[in-house]
């Protein structure tokens, strides 16, 4: 399989606090990867460093074979990395404006067509087109976040906890949508989560623990591994 | 603990010896007076800015309130000028109490609101409508009680008070509590600190020092105008001195005021714009390269700065 | 009744101009979350540019507008890149930028005094012709009308820029959430630099016309204008550029009323307004949230 | 549900809104003297918000909070601390510029009324085994050490109720056991606790009394093993 995103021995952090201590991972084309880890494990730091919001202190990031470690965030986004933060949207702008910003560096015409497709995927959003992002329900906000990210036709979608703040019912729905998009748009995804519901949908799983990758493998391997089961789900039978 | 008090005590003694001895060597008393004035103001501003992080752009408001408070007490109530100095401090504290709600604002908002408060006070005091009390814009004449030498030593007393206050705060539990509030309000309040009370006390102490300074300044000047004792320059100079020296220490603001005010006096007084330019550039350079002042250079070399 | 009508109409025009005075400060705050404490000094610089061009070359103040915009964009970009990215990365951008811009304000004031001396300067108000105009039976100099129109045009431009241009969209995104904007592929630094320059240029335009409303210009008027601007944008709501016009109107009408009926207390007004609004409604009259401790 | 001893904390129908979002939507919880209650629930269910409201970091918008028979609803944090409640933070927030000793000293001086401050500081540091690092600047400690420092500062105010927010997150297996033993020892000195944890296994080693929250409200109260059998609980944890 062709490697789309490569992260090698990445170190990063905030000010005097180092959070990542040499994390490596790979996302292949057309692959869904879930990055699991508890609060404070460094998931968001890792994603932000990949997007360029935080500088890499050591290590290397490649995308489609090219070294992007030193690029500015906007060049990385324009290069085909879509990023959905935990917040995901601009609450003080309308749904329409959110979508427009999602495709900021693409042509007006292209944006209009793409927005049309997004309204097809998420019919709810069309009704709210002129409303503020803040007026949407939690689930709808996540949908808008996904739609906004897809506006730029990214080759890879990075998501930071798409389940956060959602009730189990909506988490299920988000997963369904992502599954559908994965098939429909041949999307590659890197999803940071704590919610184990995302596991079944991942083709590959990394576990991040105190800024280091402590496990990589598929769901079967994860489920067969007792220590990890206990550490991360708490209850052993 | 004691180990740390001795250096502070040493600093205080050196400063006192300096201002007791210098008049017999150097005859320009007015320079020495103004130098002392800025040393004391710098320590006073240090109490609120250095230990709690509130930057009082309107610090001059307390200075002016002190000058007018004592002058009114002396001219209208016929109190002796030395007692008048205390009245000046009290007047500043009263203004401080009125302004306590401003402490609810953070960072730059507090600084601007405080600046506005000092301007408002200036316009009240200089208003011709209040001529009976404040003489309005026409200024105050204290020449009947003028005594330069007495004012000089009164100011030395104020300076000692300010230094001892800062040395005490720096080495006490109260200082620890102020630093804690500056660093993280939530953590401080979960350690049981009553934040509103602690910062209000620091605010009033800081106001008190400025008020005493303003009062002695009025006495020493004999004649002064609202535009002098409410001049924004007083705030600006004091802030620059404290920033340059290093906040939150006893010696930093003293060193800052000593170095910069001496330079100002020897080079700048004929054309103040040279100094305005110099201060402006200095502030920019400090923010960019040395935000913790010259004391931080020593601290990097593991030298204890009292 | 005559005085009342005059007060209201003059207050509205005065207020619209003061909206322009605060506008530049507010858009810079909106994008950078920094208070440009040298804002008033940039207004002063604009007024001296106009004064210099008028006395030396007889240039009409209206023609100074494009010159001012060009000059301040040329000055603004290097200023932005020299200071702002560094400040944004520092541990306390809000406070440090505040102090730094204060230093800048001292430098600007000193330099202008060197160049022009510490005197009041003015451009005669009949530069646009000596005819007056009449609204509701009240007569005003033509210079007031032109100033008001220029200020309204500036607000119109900012509205058009924010609502109908691609960069304007990006600007609103940066105002709403810097990180999220970056993640939408916006070059946040370029947008910020552009808006910073726009803020300076708007300040300069306010300066060009300040002669006709304030009367004269002096190198040391900066700090007072900054405080007034701050009062106006806090009234209107911080970070909402279009709200500034509301702040300006309230300020303008209030000042005119004070001058008409309690003239000796008029000077104190902006300061009291500022403190009152900050303590009672720190989020401004139309805004949502502001920082308080 | 076991109710042994006097009821120390009584929270009823607590509501906390952020804008239009109800982070707490009528949650109730009570703790008896010297007991440990586990508080579990998925991310975003409001556990940390509940701790923040009880400890006065956030002001609630409805409901009631009583400690030792007196209302501490909307009291300022320092008063709540003085009445005998303290907490730790999930992401530790030490006073980074101060030494370990000064961090704890502040709490001992301002948070408790006992006379021998040195002894209190020394004991608090000894319990969390940070006594060897007392002169270190706390900003230089590791994440785990900063969490322990947070615990020591809370202990130095001599609380009768300690709210422990995800102290185990990001710790290794051995460290978990060690921390659990430490919390049990603290509990034996007569301190009641609410222990918030994502991780049910950790709670299991401390208590059998657990409250599960979901969407800002109570979902379940009972023993851990009942919780593991309860369909609703399993659903919010593992999804379906």
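Chains: A, B, C and D, in written order; residue numbering restarts at 1 for each.
The definition used in the following text is that a residue touches a chain if its C-beta (ideal position, glycine included) is under 8 Å from a C-beta of that chain, and two chains touch if they have at least 3 such contacts.
The structure displayed is predicted, hence computed values, not measured ones.
Enquirer: Approximately how many whole Å separate the CA-defined centres of subunit B and subunit D?
Expert: About 43 Å separates the centre of subunit B from that of subunit D.
Enquirer: Need the CA-centroid distance for the pair subunit B / subunit C, whole Å please.
Expert: A distance of 32 Å separates the two centres.
Enquirer: Centroid of subunit A to centroid of subunit B, CA atoms only: how many Å?
Expert: Whole-Å distance between the two chain centres: 54.
Enquirer: Examine which chains touch each other and state the graph shape they make (line, ring, star, complete, other).
Expert: It is a ring, because the chains touch in a row that closes back on itself.
Enquirer: Pull out all the chain pairs that touch, please.
Expert: According to the stated criterion, the contacting chain pairs are A-C, A-D, B-C, B-D.
Enquirer: Which bits of subunit C are touching subunit B when the two form their complex?
Expert: It comes out as residues 35, 83, 86-87, 90, 94-96, 98-100, 102-111, 113-114, 118, 223-224, 227, 230-231, 264-265, 267-268, 270-272, 274-275, 278-279, 282, 290-293.
Enquirer: Using the touch definition from the top, list the residues of subunit B that touch subunit D in their complex.
Expert: Touch residues, subunit B against subunit D: 173, 176-177, 179-180, 183-184, 186-196.
Enquirer: Quick one: which bits of subunit D touch subunit B in the complex? Just the residue numbers, please.
Expert: Those in contact with subunit B are residues 55-57, 76-78, 81-82, 86-87, 93-98, 102, 105-107, 109-112, 153-154, 156-157.
Enquirer: Touching residues of subunit D toward subunit A in the complex: what are they?
Expert: 19, 21, 42-44, 90-91, 139-140, 143, 166, 169-170, 173, 197-204, 214-215, 224, 228, 235-240
Enquirer: Using the touch definition from the top, list the residues of subunit C that touch subunit A in their complex.
Expert: Against subunit A, the touching part of subunit C is residues 91, 166, 169-170, 172-173, 176-177, 179-188.
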